[in-house]
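Shown next, in structure tokens, is the structure this report addresses.
Lettered A, B, C and D in written order, each chain numbered from 1.
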Amino acid sequence: MKVGIIGASGYGGLELIRLLHNHPEVEQLDLFTSSEEGTLFSNKFPHTKNLYDQPLLKIDHEQLTGYDVLFASTPAGVTSKLLPPLIASSPKLIDLSGDFRLKDTVEYERWYKKAAAPVEAVEQSAYGLTEWNTEEISKAQLIANPGCYPTAVLLSLLPLIKEKLIDASSLIIDAKSGVSGAGNTPGPMTHFSETNENFSIYKIHEHQHIPEIEQGIAQFGAQKIHVTFTTHLIPMTRGIMATSYAPVNSGVTKEQLVGCLKESYAGRPFVRVISESSKFCTKQVAGSNYCDIHVKVDPRTNRATIVSVIDNLVKGAAGQAVQNMNVQFGLDETTGLTQVPLFI
Amino acid sequence: MKVGIIGASGYGGLELIRLLHNHPEVEQLDLFTSSEEGTLFSNKFPHTKNLYDQPLLKIDHEQLTGYDVLFASTPAGVTSKLLPPLIASSPKLIDLSGDFRLKDTVEYERWYKKAAAPVEAVEQSAYGLTEWNTEEISKAQLIANPGCYPTAVLLSLLPLIKEKLIDASSLIIDAKSGVSGAGNTPGPMTHFSETNENFSIYKIHEHQHIPEIEQGIAQFGAQKIHVTFTTHLIPMTRGIMATSYAPVNSGVTKEQLVGCLKESYAGRPFVRVISESSKFCTKQVAGSNYCDIHVKVDPRTNRATIVSVIDNLVKGAAGQAVQNMNVQFGLDETTGLTQVPLFI
Amino acid sequence: MKVGIIGASGYGGLELIRLLHNHPEVEQLDLFTSSEEGTLFSNKFPHTKNLYDQPLLKIDHEQLTGYDVLFASTPAGVTSKLLPPLIASSPKLIDLSGDFRLKDTVEYERWYKKAAAPVEAVEQSAYGLTEWNTEEISKAQLIANPGCYPTAVLLSLLPLIKEKLIDASSLIIDAKSGVSGAGNTPGPMTHFSETNENFSIYKIHEHQHIPEIEQGIAQFGAQKIHVTFTTHLIPMTRGIMATSYAPVNSGVTKEQLVGCLKESYAGRPFVRVISESSKFCTKQVAGSNYCDIHVKVDPRTNRATIVSVIDNLVKGAAGQAVQNMNVQFGLDETTGLTQVPLFI
Amino acid sequence: MKVGIIGASGYGGLELIRLLHNHPEVEQLDLFTSSEEGTLFSNKFPHTKNLYDQPLLKIDHEQLTGYDVLFASTPAGVTSKLLPPLIASSPKLIDLSGDFRLKDTVEYERWYKKAAAPVEAVEQSAYGLTEWNTEEISKAQLIANPGCYPTAVLLSLLPLIKEKLIDASSLIIDAKSGVSGAGNTPGPMTHFSETNENFSIYKIHEHQHIPEIEQGIAQFGAQKIHVTFTTHLIPMTRGIMATSYAPVNSGVTKEQLVGCLKESYAGRPFVRVISESSKFCTKQVAGSNYCDIHVKVDPRTNRATIVSVIDNLVKGAAGQAVQNMNVQFGLDETTGLTQVPLFI
């Protein structure tokens, strides 16, 4: 396979390179960027020395032809314009940005404050939450790869909502992310001396992943709800934990919740249900494509606490994108994604 | 004033030394420990060289007499036995452990899994949440200094519960702490290579601060409720953030919540209400006795998100203890506590 | 005293505020900045809420009159122009930048790649390495506050060089700093995700503190030498360690080195010589004005390893600046600087 | 291949599992430990759930038979007794501890303060610095895998010493390591709250890797010298940087040093010489088996600064062990070791 990465210098792009480098079906990996055309990639990123001593290519429709698959990892508002014209030339397209995720383009414009992609392109695309949309992904040319927070949230909640074990109407989701989610552009929110040894809350009730979560619950869980969703910044690089709270429906036990989750993900290697845990943490999935889920019911309040962890750059971005590519090409979904988590 | 610190080698003790060292009314500071009697304190803790080149003293009833005030910062189950016999000799006693906090000794034994302190001693003690119990603290000989999580939670929620602006019956509290809260004993939960670059959830629904929070809400907020409370470990040393969620009562606005908080804490210098914030974070109180509170109402769900931050070792432990000492001795409550937060 | 801080929004400025806020002789603290005139300081820096709810003032010669002392904490190349005209109006001036440190203005221009300050102004200024230049500082109007690395290096080496206990001619200095030394402007070198969990070497043999170190050794140690000096970035916020290597002169023992250091700094409270240490580290001085020094002789190579630690923002910047102010005004040098290090 | 790991619960063991899991020639991986026999590995280490749900096996000579290769990653003093009796049953043995590294058993006992391994076993073993000892490694049954510091130091210095481009007689090596080098046993040196935001120097002139470095210089560089060697602890998990200083021999330029290094490692994929670098750092090799080297000559002092970085758990331990296994079995040395560094 001949693969191109648009936005190769961003963190999504770097992680795609890390994963695709050892993917057995990838024969060629070309790197595109909006600036620095001609710069040797390994001069900019010495960690790829000897591996990617090739020049960065200009994002240009002509140059972007002839690929089996193109990944795009760019800021919001770029691929809505860049990808639709490429559909005709028929490579598989996997977009890691939010531009094709929301089927309701009015919602997109409200939350992203940018012009939405053309409706037809949005309609043609498949939402790439692999475990819940495998069939559609396998047929789609354009994949809207999910956001990092929605991936962690939806994977842990959808089975319980769909099976009506929890009361989704009063769902509260307290999410926490490492700093790499903010990307590679330096700014005050990512300045080391003010981020290190600090824990902050941001975009309270206003994060653009809210409509994506609600859309996913409607699509796969068959419930139309509004969630309360907050996001926090952890002084570390990789990892997301989503802690969700909902009342259990009458008489539902922890064992039922665990059973439902295990059943839902039987045969899906990347979702692991951890029934007992003395230390449930982000590091247990670091560097890997796993999503681990843990759940408890508080007998004093009859509320469930549902916790999930992912590596935001892997299952929350590049890893799930590769998983989706595997599905599109009929490969085993784990191809190239068998990394053991880096617990240390 | 002649002051003794019992448990001077723990983190609570070290922080008491840091704060009391520059307290204008403290003339003598003696350091007691359960082990290492005779060791020069500054040999064990080189950061105190030239300041505390004095031997550690043995915790011994005879040696513990003659002090104006004794602080005890020891693990649960120690002061329940150690302090009651000292009451007769009448120094002011400020206990930083949980041993005298719960008025219901059965609850203490259920959550702490240790024998409770004698009922009379517990009844004599005042719960040291300074801003809410000033009068009682000023008269009490024995202060039960609050836990770190309850301090952050109660200060931010009590005004809103008391004034019935939020529906406390479905209160969810998602709390996060730096690692210093786990104390100075090395163990797997605090081993650097497994704690660094990691975020974990622990003691889900089972933290011993739950009954303390519920007791505080009953005592000062006049509501008997059960809370859903979870605790997370942040890869940093100092700081707590408590993010709480509750529906607002009919028609209540953010402005009303802010107004209520500001009014409640008018004249109380250590509680700051931050109405607007682009980055609300733990570092804005680091090293200081402040508790900062921020609140938002989600118009889509009519739920309030109430956030508070403290330095767990200062307002969550040693700082509030000194504040309580000031109240006991009729000093201005800010005496010795005017440190500017170390934002950097 | 009426005090002004020029460059109040930088890290040097923030730290001056932290220290001067509790300085007993400071009555008024005005904050000047090159931009954001009129912004309320505490809106920009919420950690100062209730403390500094005052507008930022414009740096303007007219507004800068009437102060007893002006601190300037600005990037290189600013005070060389800003301060000389203020000399006439006779406040004490303490410059935290490098603009007046090098007596040889040709050297300044070579290393800083900027136009040097007027020669007369440079000549009038006193180099503010407090322990070594007290007399001159006490008489000077303009103080060139030392760089962070030179402070750590010179304090640890000068006594040994001056007393000819080590062979300075082959001195090698391997210095390491926390990230706050890079200031508050976001950039690739300070972007969290690339700085965290990373250790880098930078400006090998090219750091502008090299001529300052060599000038200090010539001035106070009476030796004209060239040093090999490298600098490394530690993934933490505060703290510098300088590890220096030199052969000991014939027969010199560790005890002689320790003795020499202790004698040199007898009566100087901020320099502590730690003769034995199981863990010599930056945290033992964090947040304080101490410089701790530790030394060992390798019997296999007859070389001494001389290690010193400071908090780069305190003894390496704002703390030493306040110490110099104290000396200028005839106060005890520890006034306002009695903070106990934050070991935790 | 059937592979056993002795000491699977330690960090060396965990990293061996991570690397061998995707090694194409490994068919079975059995995990041995000195305690917790029978515990399911993934219960102890949830990050391996679904991958290693197998019981830990007891270290027992009978059980240790039938393997093609046995890795041992245990504390000093264990394999000196454990491995010699296994030699007869003829599996390949790769020891990650220091027990067989020093050919001079008297030196071993002096620096390690433990009884040395039997002299015959030590003599039979090959020192596993792969790039310098390939031939011997390919024939040896027992490999003494190098220490983390010696690997970083020797790879960067040996070519320059062997070619007499630098004066090794006054070599100074200032080494820095992440905390994972201290292993998985909690203690004061690795307690998060005292390690985080802290940088310390330890074992000054006394580290047990000193004789290993000197032996390597004698064996491969043909010079008998004593080095000055210090070690520092960086507040991060993975990574080592060694900064070495030596005078260049008369007239030698940076270009000659770079040329010598490049020539020495031509054809050796894991050693990369970085001639120009704006940010030379440990992250550029994180998670990979690379050793990157950078060098500069100070024209003012005619000294070279030679810097090398490795991931202490990979090229400094498990990665080099797998590389040695590849050499022993006649595989390409990169088999299973093609991970791209995790720069983020």
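To be clear about the criterion, a contact is a pair of C-beta atoms (placed from the backbone, for glycine too) under 8 Å apart; a residue touches a chain by one contact, two chains touch by 3 or more.
Model, not experiment: these values are computed from the prediction.
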{"item": "More contacts between chains, A-D or A-B", "value": "A-B"}
{"item": "Chain at maximum distance from subunit A, centres defined as averaged CA atoms", "value": "C"}
{"item": "Approximate Å spacing (C-alpha centroids) for the pair subunit A, subunit B", "value": "38"}
{"item": "Rounded Å distance between subunit A and subunit C, as computed from the means of their C-alpha atoms", "value": "45"}
{"item": "Computed distance of Cα centres, subunit D from subunit A, in Å", "value": "36"}
{"item": "Shared-contact residues (touching 2 or more other chains) in subunit B", "value": "11, 178, 180, 188, 193-194, 196-197, 235-238, 279-280, 283, 286, 343-344"}
{"item": "Subunit A-touching residues of subunit C, taken from the complex the two chains share", "value": "11, 179-180, 182, 184, 186-188, 190-197, 235-237"}
{"item": "Contact set on subunit A toward subunit D in their complex", "value": "11, 14-15, 17-18, 21-22, 45-51, 180, 196-197, 237-238, 269, 272, 274, 277, 279-280, 283-288, 292, 313, 338-344"}
{"item": "In the complex with subunit A, residue positions of subunit B that touch it", "value": "170, 172, 174, 176, 178, 188-189, 193-194, 196-202, 204-205, 226-228, 230, 232, 234-239, 241, 243, 245, 279-283, 286, 294, 296, 298, 300-301, 303, 305, 307, 343-344"}
